[in-house]
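Each of the next two complexes has chain A plus one more chain, namely chain B in the first and chain C in the second.
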Partner chain A sequence: MAKIEKANSLGEWFDQRLNTTTFTKVMMTEYWIPKDINFLWAMGVLLAVTFKILVITGIFLMMYYKPDVNLAFDSVNYTIMQEVAYGWLFRHMHGVAASVIFLIIYIHMLTGIYYGSYKKGREMIWISGMLLFMTFSAAGFSGYMLPWGQMSYWAAMVITNLFGGIPLIGDALVVWIRGDFNVADATLTRFFMLHVFLLPISIMAIIGLHFYTLRIPHVNNQTSEDIDYDAEAEKYLAGNKKESKVIPFWPVFISKDFAVLGIFLIFYFYLVFFHYNFAMDPVNFDPADNMVTPAHIYPEWYFLWSYEVLRGFFFDIAGFKAFDIGLAAFGFANVAFLLLPFLDRDPDILPAHKRPMFFAWFWVLMVDLIVLTVYGKLPPTGANAWVGFFAAVVFILLFVALPILTKIDAKKRGA
Partner chain B sequence: MSNNTNRRDFLGFTFAAVAAVGGAASLVGMKQAWDPLPSVLAGGFTNVELSGLKAGEPTTVMWRGKPIFVLKKSAEMEKSERDLIIGNDRFIVAIGLCTHLGCIPAWKKSTWKCACHGGEFDSSGKQTFGPPPRPLDLPPFSVKGTQIVLGEEGPEYKKIAAAMMA
Partner chain C sequence: MRELKILAVVVALTLITYWGVEPFAHSQMHPHVDAADYQFKDADGLKGMKGNAEAGAALVQANCIACHSITSQSFPPLMDDKTSAASYGVVPPDLSSAGKIYNADYLAAFIKNPAKAAKTEHKFQDGATHPMPNYDWMQPQEIADMVAYLQSIAPKEMTNKEVFADACQRCHAIKYGDMQKGTMAAFTPDENIKAYMGKLPPDLSQYIRSRGESYLHTFINDPQKHLEGTAMPRVGLTADAEQQVITYMQEVGDSSKADREALGPKFLIYLVIFAIFAWLWKASKWRDVH
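Our next item is the complex of A and B:
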């Protein structure tokens, strides 16, 4: 056992038992961050805070929410919204946070892509991050179902139906996932469990993994410079703070994160108090009805791009059914980003503006994602359907072309 | 047992084998916990009286939480191999969920049109436009006089199902 002596302070008492001094050094005051990173690197802290908001508001919502097809709608729209003190606030904070967390995730992802932060030694950071994105998507979808409105119901109907496209076991799988022949009470209660328990603790575990993956290859920087962290940290500790290329996470770097966080929270609470409606579809204020479909079904904005890839293929091609092509394209869209570290064949880590082909690729991807998102919301008729089709084709071709484009970049540079 | 395998390895293998069997057994249990409950399965029968239906106007009944379209065909509507013939009348019985992604198509004049992704089905439930990959699905039913019982597989159902497969 460690040597335990009479402690002179509470801090010392804990230090003798939990080694808190070393722990704080490793995790915070001697966790080194490059100086050369901009506000886009603050997204991690923003996400951590937004997730915390989601968990805390979720706990308060859960205390009055009733996961039962007969009670769910009223428990949200009457009990929580009308009766519970500040219930409306918790709901709007939860709903808006669920929406903006995807905005921040996308900025976080695209920053990583732009600066090549997924490459050469940082693959696990990227993969664990994509796992987080997938679990967040599942949590977002399962939570969307809980108010049991019309959009909730039909979103669940469409999404569970997607599994019917899997060969051989599809139909049986759909019944199994729903626990009924239709989206019904069993479906609601199991999605409730997923949303309030299994997915949040999975997310927490993967967040732990995601943080850990950063500790060994360290965080990338604006110029993708390969920093000798040990040498630079020594300089800093010796007092050469100006010459050292690194600074400690706490309390130096975090102050910048807090500044960005402050601006973000102003934006977030502006949405919560003045524009909470953008996260609340009017159709979802109709109670779920399994005998009437709303005229036009669309997911929340953050799923629109992959939804448009799914429905972009609206005609049969070469004997393949439109439905199957769409489903395959949708599957592709959901794993394409995961494979990014292996599709990028450039051996060097460089920001996109130093890789001409990749730079073009990045911005075409950005535009394509925006086009897919916009057209994902529009009814898929006439010219809209064709725009969706071409945008979906462009999306797939981008990922097919990536290994070739990055090879060309590397060759021109002589790498 | 060979000379290279000592008793500790044997214990290890035995433990792994027992754990594997236990793990597989619990997966079976977990799988079945998500299967539909007996009360859900038992509630799966619905009687529909066909004699009062008006030709050319489909009605919708609920079976297992799903809409079922029952259409008595009018004289000008095309005959098809999935027509259910009772006396002189022809009926179409179909699960009223678009075979694309499960929305409920609405009856417009002589076709079922799905608003979500533009799929269309004719009066025989056959897909005529848009992304639906197959005709409207046929629910299992049996015929009792002028009634059908949804949820039972009668000979008439089997005949139509076989004709649709062909």
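Our next item is the complex of A and C:
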């Protein structure tokens, strides 16, 4: 056993038992971060805070929510919104955070792509991040269904139906996922469990993994410069703070995160109080009705791009059914980003503006994602259907072309 | 400076996406409809004719109270809601407040030909007739007199809830209006109203949120504009009465609005102070490293 002496302070008492001094050094005051970063590097902390808001408000909502098809709608719209003191505040905070967290995830993700933060030793950061994106998507989808509104009901119907397209086991899989032949009470109860227990727990675990993956390769920086962390840290500790290329996580790095967080929270609470309905589809304030289909069924905004890839293939090609092609494209869209570290064949880590082909690729991707998102919500008729088709094709071609484009960049640079 | 440029790019892309999935998409999915017409210019109304309330009293008592109650004038309903719904298909409205909440021209047109004024003629084809018969055999002056009488007995003030009950509750429930007691259920029993309308008219508790104020205004004024062929009649509310209905729907469906508006600025002031301190702290920490 370690040598335990009479402690002179509470801090010392804990230090002897939990080694808190070393722990704080490793985790905070001597966890080195590159100095050359911009506010986009604060997105991780924004996500952590938003996730915390979701968990806490979710716990309060859970106290009054009833996962029963006959009670769910009224428990949300009447009990929580009108009877419970500040229930409306918790609901709006939860609903807006659920939407805003995806905006921040996308900014976080595209920042990583722009600066090449998924490459050469940072693959696990990227992969764990994409796993987080997938679990967040599942959490968003399962939570969206809980108020048992008309749009969430039909979105659940459409999304669960997709699994029917999987060869051989499709039909049985749909029934297995729903727990019934239809989206019904069994589906609601299990989605409730997924949303309040299994998925949040998984997210917390993967967040732990995501943080851990940063430890060894360290955070990337604006110029993607390869920093000798030991040497730079020594400079910093010796007092040459201005010369050193690194800063400690606490308090220097986090002080910037807090400053960005301050601005973010103003934006977030402005939405909560004055524009909460941007995140809530009006159709969802009609109770679910399995006899009436809404005029257009569309998911929440953050799924629209992949929904449009699914929907873009609206005609049969070479004997393959439109539905099957769409489903395959949808599957591709959902794993394409995960494969990014392996599709990018450039041996160097560089920000996009130092890789001409990749720079063009990045902005075409941005525009394509926005086009897919906007057209994913519009009715898929006439010209809309064709825009959706071409945008979906462009999306797929982008990922097919990536290995070639990145190779060309590297060759031109002489790498 | 560089960071401001990056921020501008992030904000611009976010706003473009927002514009695409909200205002733009909604403009595509909900085509524009004409503004509400509270004059009911298309209705076969009074055409400027003035009525005599005293003459109208006799006519109303001779023609209307066989089916309609006028409780304020001591003509109580002859049957309970359930029985009258079974007899007429739908509970006939009490006429005490009709002169206040309905437009006078609309009332005249409705007395002459209810289905036409309500724009529900498509519902009454092939022998099916509107439960209220046409009174177009009457002299225009007689109809003007009856309208004048209804206006003379109408209350000067009504609460939002009273207007809602008179205008909407014969067919529509709004259960959040009185969740505990069930008094805001539709007057006409479900099975009768379903048979009369073709389907159960929706509960209006959350309509202020699912439809929004501006849609409700144009919809109530003329349901056919948004839902061609709907069984819902044009009820002929005046602009004031319609505003009271919508205000009531807001009070019921969005009861936390006042709290939200009161608390919002306080939250934001607190956060601005937090942001100022956070930036000062950041500046003090980064001064050493730059």
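One rule holds for everything that comes next: the second predicted complex is superposed on the first by the 415 of 415 C-alpha atoms of A that agree within 3 Å, B and C clash if a C-alpha of one lies under 4 Å from a C-alpha of the other, contacts with A are read in each partner's own complex, and residues count from 1 in each chain.
Convention: a residue touches a chain if its C-beta (ideal position, glycine included) is under 8 Å from a C-beta of that chain, and two chains touch if they have at least 3 such contacts.
Model, not experiment: these values are computed from the prediction.
Asks: Contacts for A:A295 in the overlay, against chain B (first) and chain C (second): which applies, first, second, both or neither?
Replies: Both partners, chain B and chain C.
Asks: By residue count, is chain A touched more by chain B or by chain C?
Replies: Partner with more touched residues of chain A: C.
Asks: After superposition on the shared chain, which partner residues are touched by A:F197: those of chain B (first), chain C (second), both, or neither?
Replies: neither
Asks: Once chain A of both complexes is superposed, is A:F181 in touch with chain B (first), chain C (second), both, or neither?
Replies: first
Asks: Under the stated touch criterion, which partner chain does A:V158 make contact with: chain B (first), chain C (second), both, or neither?
Replies: first
Asks: Report for A:K321: first if it touches chain B alone, second if chain C alone, otherwise both or neither.
Replies: first
Asks: Just chain B (first), just chain C (second), both, or neither: which does A:F269 touch?
Replies: second
Asks: What residues on chain A does chain C touch that chain B touches too?
Replies: 295-296
Asks: Going by the contact rule at the top, pick out the chain C residues touching chain A in the complex.
Replies: On the chain C side, the touching residues are 2-3, 6-7, 10, 13-14, 16-18, 20-22, 24-25, 28-29, 176, 179, 202-203, 205-207, 209-212, 255-256, 259-261, 263-264, 267-268, 271-272, 274-279, 281-282, 284-286, 288-290.
Asks: Show me the residue ranges of chain A that touch chain C in the complex, using the header's touch definition.
Replies: Residue positions touching the partner: 35, 38-40, 74, 77-78, 81-82, 88-89, 92, 103, 107, 241-242, 244, 247, 251-252, 255-256, 258-259, 261-263, 265-266, 269-270, 272-274, 277-278, 280, 282-287, 295-296, 301, 304, 366, 370, 373-374, 377-379.
Asks: In their complex, what parts of chain B are in touch with chain A?
Replies: Answer in residue numbers: 31, 34-37, 40, 44, 60, 62, 64-67, 100-104, 114-118, 130-133.
Asks: In their shared complex, at which residues does chain A touch chain B?
Replies: 154, 157-158, 161-162, 175-177, 179-184, 186, 190, 290-293, 295-297, 311, 314, 321-324, 326, 380-381
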